[in-house]
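Questions regarding the structure given below will be posed in turn.
Chain nomenclature is as follows: A, B, C and D, assigned in order of appearance, with residue numbering initiated at 1 for each chain independently.
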Amino acid sequence: MIALDDTKLARVIGDFPILARPTSRGKRLVYLDSAATSQKPNAVIETLDTYYREYNANIHRGVYEIAARATDEFEGARAKVARFINAAPQEVIWTRNATEAINLVAYSWASNALHPGDVILTTELEHHSNLVPWQLVAQRTGATLRFIPVDARGELVLDDLDALLEGVKLLAITHVSNTLGTITPLERIIPRARAAGATILVDGAQGIPHLAVDVRALDADFYVFSGHKMLGPTGIGVLYGKRALLEAMPPFLAGGDMIRNVEYGRASFNDLPWKFEAGTSNIADAIALGTAVEYLQTLGMDWVRAHERDLLAYTLERLAPFESRGLAIYGPKDPSISSGVVSFNFADIHAHDLASILDTEGICIRAGHHCTMPLMDKMGWSATARASFYVYNTTADVDALVDGLEKAARVFKL
Amino acid sequence: MIALDDTKLARVIGDFPILARPTSRGKRLVYLDSAATSQKPNAVIETLDTYYREYNANIHRGVYEIAARATDEFEGARAKVARFINAAPQEVIWTRNATEAINLVAYSWASNALHPGDVILTTELEHHSNLVPWQLVAQRTGATLRFIPVDARGELVLDDLDALLEGVKLLAITHVSNTLGTITPLERIIPRARAAGATILVDGAQGIPHLAVDVRALDADFYVFSGHKMLGPTGIGVLYGKRALLEAMPPFLAGGDMIRNVEYGRASFNDLPWKFEAGTSNIADAIALGTAVEYLQTLGMDWVRAHERDLLAYTLERLAPFESRGLAIYGPKDPSISSGVVSFNFADIHAHDLASILDTEGICIRAGHHCTMPLMDKMGWSATARASFYVYNTTADVDALVDGLEKAARVFKL
Amino acid sequence: MDDFYRDFILDHYRNPRNCGHLDAPSASAEDVNPLCGDRIRMELDVRDGLIADVRFSGQGCAISQASASMLTESIKGMRLEDAAKLSKDVVLENVGIGISPTRMKCAMLGLRVLKSAAIGEIAGWPDEE
Amino acid sequence: MDDFYRDFILDHYRNPRNCGHLDAPSASAEDVNPLCGDRIRMELDVRDGLIADVRFSGQGCAISQASASMLTESIKGMRLEDAAKLSKDVVLENVGIGISPTRMKCAMLGLRVLKSAAIGEIAGWPDEE
């Protein structure tokens, strides 16, 4: 169990300036919405500041000093991200976010590789970003969608996996459910999808911030994620793709930086990774994501995972007494197969009302469908409240949440 | 003519921290590459800092205090940009940059609206970002490309415009040439293109930073630009589109935030502008672009234009004596039809060598093809050197450039 | 926001008035708040230009449901054309205490749906008028 | 960088050695530096595994053209298989003074093209080996 006086944790908290700022009601900020976006450490904020104050310049084509520094830092950040996931730098494509990365694969790979009758297999857990692009691909190509079901606890049902995999050209699957915290058993699913001949895309938006990821060991063909959920700035994300696949794919967006040679009538395209990076890149934010990755590496992803697992166990323990008072907790209740997310409803208090009441105490949680409407429908929930953890959360945050629930019970005269 | 002791100009320069930082050789930074990317004023840098230190949160769905502030600032920035160009907020779509905005139109509008035999009319001046996407659209749809020619001075030849406009479904035209500074006569071209029934996209990447833009007066259907060239951060750009057109277009990228309702099998989409904004937006940089736009409005776009016109006139005057020593200046030499860009070559000194020599004096210029390879080929230039100006440049910067040319002449024993 | 949830609000939330359906409504509309998923349907029985009866149904937070419940009470007997012109003040007066901006759309959903029913097409958000 | 442009560099730039084309080259290659547009072509006359003659052509900056010109002098008479294995040092020694990292690809373009000609396929950038 985590001790609150843990000096490492205290140091981590001190690295996040926003956590030191009280709310307008003078409350301590209790940030429990990291699944939506994480807070940023000083090192990341300062990287942006230094970029704009010292060496802001367009990259790759500039011969002057600040352009050279910007280019080095930008490509250096790519190399840092590549090392973090055990990929080659050429396999790391900058995008705006996980969503754009999925759409890049949908347009450049799937629209060409899929044909009528082909099957796209995904799961009932997916975020809209890993579902709607495939609905549109299915419309464009005549492929059909199929789903790996979830059970009432929010775990994937793999009993019929081999049957489900029949005729599958693409498996698009989340690493971690943003609504329930479920960690999907990729190590069991991917080898079977591989054997069935499927191309595999993993939505790592909620995976990589919380779990050590080795894309080679995972054997995913594509792995996508967003910087803003892993201590990085908004506006930068990553598409990792296996080199041979990326080489074979046509460009997605066209324009500056992704070209090799252009005539009025035709163009040829640059090498990887630039082939997929059109227009001026989000230079500052890419560099700052490099800093975020370094910060996580310094913490150690094993520490991150252990910390969140302990917090989740503590939360489940503290929430248990509320179950007799109408608290329903969703998702797997086993911290070994769940990331730092707790989804729940409390008696007849609607999740939005709960979130508003908690807000008055400085507690930030999310309420609603969490961009997983079909899952909510299937489960029969109109909305859930969701608390999600990250490196800077403590048992004191969980205690605040529990006090907040007591307050909500009073307000709603439960 | 601008006086160097102009107090407004002095104040502006003081707003840009990077300009106060000497280079590693102890030289004053003479930044003459704003056509590639502009420097950023303190106000913009501090907007980013404040966002991450005080109210970083995901937008639209959060009910807690910092999420509400982030949402307000984000949508407030959209309203600022809309006012800046005289559009409605619903018509302002955030993109990564001008290039993505053009590709959005290429995928969502052109791929559906164009058919075999349709003509896309563009110009011989275009940046690759406003050419290559249309080459790919032409491949996808069977449409053909046609070009408004440029003359030796880099001005568009409009003699045959009506013939060129025959059968044209799309006119894609730059507002200002990034290589030559040519301001295209949109007020003469657009009405005729409109009469011919064409849809009109203006690449404003080099227009809006330097000229007052009123999209309604211009009567463009689409106007695209990048924040990083107009004092804003990297990673944020804008697609302006007329509301009726945007309403009729299918979504481009799919995922969170752009949906209305999702079932496993199908989805419906959100209202404008969010229909085109999939995944977590570049929140911080959008807000900071709002600050950049405010900064420009405080300066006044008339002042910006007058300042750059004066600088250009001064530059042409100072460079004239070099012409007898082998300096060739390209583009229109009339500051009234040219934005703050001077492209040139100096005797047999290759542009890259010139840029390297100037770099040793702290002078940042660009050398190469400026992402306009076909124009370079047509003009018979293998590369040009380009100096480009913005609000913080002074006659002292031009004097430094002139001294740099003298140094290059000495180094190359001219 | 916590002072918003007074007894009469909770009462309207837990015991909504005019909740259910009309047999043969002469006008109706339904909408969701895409941000939170709250959903409301309004059915009107209009006679001689007056709202003779009204029912609402839906699901969502206490703010949206209580606001809709109170709104149905406010509009009974009102002229349809007046209902079509209602401003957000009717809701604000019903609920009594200012609602935080993030929850304003929740409060206005019922009014928006009512106005849509009254004018026969989708109305805008009352708080954005 | 300004100290890079010494007399012998400018001389190689303005009066390139072995510039032009061979009548019947036994190996050749051509490439551009996509960042700056510099272009170089190398043609080799290989006899008994030795580079008997070489010509280069192209356009670009003083660094790329002078480096290529000097390289052609360095490799005449060299075994083709040795040329294929040349490291960037041969260029760095020829030009004498360190080149700034931003211009390294300019200096290495000729070597890259030579190696491509020698191995019969596109070689990588010598500075990235």
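In this text, a residue touches a chain if its C-beta (ideal position, glycine included) is under 8 Å from a C-beta of that chain, and two chains touch if they have at least 3 such contacts.
This one's a predicted model, so the numbers in the text were calculated from it and none came from an experiment.
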| field | Both-way neighbours, i.e. chains that touch chain D and touch chain C | value | A, B
| field | Length of the line joining the C-alpha centres of chain A and chain B, rounded to whole Å | value | 32
| With chain centres defined as C-alpha means, what is the inter-centre distance between chain B and chain D in Å? | 37
| task | List the centre-to-centre spacing of chain B and chain C in whole Å, with centres computed as mean CA coordinates. | result | 47
| query | What are the residue numbers in chain A that touch two or more other chains? | reply | 61-64, 67, 259, 261, 352, 356, 359, 367-368, 373
| Which residues of chain D are in contact with two or more other chains? | 35-36, 100, 102-103
| note | Listed by label, touching pairs are A-B, A-C, A-D, B-C, B-D
| For chain C, which residues are in contact with chain A within the complex? | 1-2, 4-5, 7, 10, 14, 35-38, 59-63, 100, 102-103, 106
| Quick one: in the complex, what on chain B touches chain D? | 348-353, 356-357, 359-360, 367-369, 373, 376, 382-383, 407, 411-413
| Which part of chain B faces chain A closely enough to touch in the complex? | 17-18, 21, 23-24, 29, 33, 36-37, 39-40, 44-45, 48-49, 52-58, 61-67, 96-100, 102-103, 106-107, 124, 127-133, 135-136, 145, 147, 226, 228, 233-237, 251, 253-257, 259, 261-267, 278-285, 352, 355-356, 358-359, 363-368, 371, 373-374, 377
| remark: Seen from chain C, its contact residues with chain B in the complex are 32, 34-36, 100-103
| said: Under the stated contact criterion, what part of chain B meets chain C in this complex? | reply: 60-64, 67-68, 71-72, 259-261, 270
